[in-house]
Amino acid sequence: MKLLQVQGMNKRFGGLKAVSDLHFDVDKGEIFGLIGPNGAGKSTTLNMIDGSLSMTGGKIFFKGHDISGLSPYKRAGLGIARVFQRDVLFDSFTVLENVLTGLHLNSNLGIKDALMPFSPGTRKKEQDLENKAMELLDFVRLSDRPGMMAVNLPHGDQRSLGLAIAMATNPDLYLLDEPLTGMNAEETSFMMETINKLRDNMGVTIVVVEHNMKAVIGLCDRAAVLDYGVKIAEGTPSEVTADERVIEAYLGTEQDVVSS
Amino acid sequence: METSLSFVLQAIANGLAMGGLYILVALGLTLILSIMGILQLAHGEIYMIGAYLVYYLTSSLGISLYIAILISMGAMGLIGLVLERGIFRPCKGDFLSVITVAIALTLILRSYAVAQFGLFERTVPKLASGSLVFFGVAVPKDRFVAMLIAAAMSVALYLFLKMTRYGQAMFACAQNPEGARLRGINPDLISPMAMMIGCALAAAGGAIAGSIWMLTPTMGTLPLVKGLIIIVIGGMGSLSGAIVAGIFLGLMDGIIPVFFGPVVTSIAPLVIVVLILLVKPQGLFGHG
Amino acid sequence: MDSKRLLSIFGVLLLIVFSFAIAPFLGNPYWSSVLIMIVINILLTSSLRTIFILDEVSLGQVGFTLIGAYVSALVVMELGLSFWAGLILGGVASAFIAMAVGYPFMKLKGIYFSILTLMTTEILRLIAYSWKPVTGGQYGLTGIPSPNPLTLPGIGEINFSSMNNYYYLALTIVLVCLFIMYIIEKSHLSRKWIAIKDADNLALSVGINVMKYKVLNFTIACFFAGLAGGLFAHYQGLLSAGATGRFGVMTTLNLVIYMVIGGKSKFSGPIIGTIAIMLLMEFARPLDNLRPMLVGAVAIIFVLLLPEGIAGLPVRLKSIGKKYVSGVLR
């Protein structure tokens, strides 16, 4: 079943074409890679899927519904979660509070709870949310420091926390923006393991933007390769890395196709 | 017929003179805003102190008006340097801190002026006496001199920004602070210069206003509000936008009172600004 | 409940008792009027800080106070409603207008938002200044009645035309408002506001309707600003909207100073700052015209040396103390 369908997506910034006539489908339960050299339009594409950037043209279908004009928070409500590369977490919060904020959609806290935060009913609701948050922290191995300020976590753990925040929205589709950037070998393998576990245990679908080809091969079932906003190849990782146009696109960049 | 023509011509002359003063204030404001990223809410007070300094120099020391204006510009420029170093640079980057020190500065300068010169209105000598006659209508000469001074200073600023190395660096910094930093321009050298030029221009504006109208300790509020209106209409950081918007605003302020009451005159530009902010916050002449 | 929390609750109760008890000891209407203005300004500064939770600096709170003041005065004078109805309606009118303009307003950030609110306040003031049939124009509204006497069981009739009694009334109302604001500060609502301040795109991506919560923030803040206006109107008995008066730009700018000196990131900050600076202004009377200079100097010193304000002082002293102790021990 097709979970996500991108049809004829276009984005122009002034005269510059950032993404041109992009088509691809993502099946349910798949890990799908969006790859390409820097400036290829991968993050722009991701921004249009989660709704933070409007499209110049084209349509996006999620679970068969046209979501093209919806604002990001509505898409989140339908089951799309985004893990950003930069704004990974909320700086003012502890690790636990970060995940609690992610649980917004699953909480039924209303205006009554705002006016009676210390009432037993509200306390019970918040306690339930805290338990749920701790389970999620357990999944990314952060349950040992719920009270720590999130900004004080090491980089790799911050990215894991970002994933836990996304998991808190209980999504069907994850959009991961360069989840492995800036990580050391150990952190990388833990993150890859976590992403795989996420898919295998919960049957969710994942779109991952990555320029590290090695990671893509280890992670993705299928991938689309972008260059200057145009899709130049699509297929299994081994197919696309063997594609001549892909090799050409990566030539001249500092990056080797397979071994970076 | 003749009286209405005379009204309109005088209104235009008045408006252009006011526009010139607003431009002098707004150029400084926008220079400081775009280079240092700070909203200098005390800029009107610099204008006011500049005017009072001219008053002091002319009335107590008997210095001639034009020399006094130059001295005042230099003195306020120096004060600008001190302010940049002493209070604005340390809180750079924090919006609330900048606003707070600017408000504090407003309180300090205004209360100084009240304590030193009192609440009574003061006057300084006229820029020029007599009138020029156009189509049989007499327009006071000092309005023309004010326009000329404002125009000359705008041109001088333009030449400085285009022709000198320092000015070019400053211009680059105003257009794109990040890009300028990447090109090796040190903002810590440019910022004091921007503050100095801004304060000197404000002092000139204040002195001219004091000579055409009167001096009061609260005279800085109006040009500050007008300056903010101009930088919104012209687009924040755009110097040419500020000049066009300044002339436009000055003409509005000169001509609207001929047909409407003072309230419409004050409200109309504010409403325009609010609408621009809501619809096109980058300004009518801004880019991007 | 731990002992520290008990202690702070006890401390707050003590302060409340003290603030009620102080008025008769000061024993003259002048000091009562100072105290009334302090509590009204506390409410206003707190409303400014509510918006600052979103990291936005409103320079227009006084405009919403103006709406509250005129609406509450007019419904009492023209429609014959009671003080209480006037007060609430003033707050509601202000909140309603805030909600109506909230969506386009809250889209703007930083410098744009500040300038927008500043200009809006001036527009509101000029409207009040010129709309003669309704607001009395430049002569203003006069003869706004003080609240009707209240009969309390066991105490008897309380007449609010006395300064002292009006102070009690204003203090009670402001304490109730502060309590509500404190509750909101501790609830999930303010957690959402902080999340939006930290990273609005991430907040959106976890499903938070960012604009809705921002507009709600603005509406709540302006409700309290409007309420403060009603309190002011019935205390003063007359309203006018001159440029240098109560509704002029300088008033909002002063609120910013109160908030920063008190401590922008603490709930107690606006309360402490307003009391401290307004009392400073009173005790520095001999300085006369130079008093604003003193306040300005204090504000600059705080921004540069103590950015967390008076409320941040304990933490600051503790860290200095620790340094000193470790220095001595070493």
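First chain written, first letter: the chains are A, B and C, and each begins at residue 1.
Throughout what follows, a contact is a pair of C-beta atoms (placed from the backbone, for glycine too) under 8 Å apart; a residue touches a chain by one contact, two chains touch by 3 or more.
Since the structure is predicted, the reported quantities are computational estimates derived from the model, not experimental observations.
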Graph distance between subunit B and subunit C, where chains that touch are linked: 1
Chain at the geometric heart of the assembly (C-alpha centres): C
Chain at maximum distance from subunit A, centres defined as averaged CA atoms: B
Distance between the centres, which are taken as Cα means, of subunit C and subunit B, whole angstrom: 33
Between subunit B and subunit A, distance of the C-alpha-averaged centres to the nearest whole Å: 49
Subunit A and subunit C: spacing of chain centres that average the CA atoms, whole Å: 42
Subunit A-touching residues of subunit C, taken from the complex the two chains share: 180, 183-184, 186-189, 191-192, 194-195, 197-199, 201-210
Touching residues on subunit C, where the partner in the complex is subunit B: 52, 55, 57, 59, 104-105, 108, 110-112, 114-116, 118-120, 122-123, 126-127, 129-130, 243-244, 249, 253-254, 256-257, 260, 264, 288-293, 295-297, 299-300, 303-304, 307
Complex interface listing, subunit A residues touching subunit C: 50-52, 71-73, 76-77, 81-82, 84, 87-93, 97, 100-102, 104-105, 107, 109, 113-118, 126, 165-166, 168-169
Subunit C partner contacts - residues on subunit B that touch it in the complex: 33, 39, 41, 87, 90-91, 94-97, 99-101, 103-108, 110-112, 114-115, 218, 221, 225, 228-229, 232, 236, 261, 263, 266-267, 270-271, 273-274, 277-278, 281
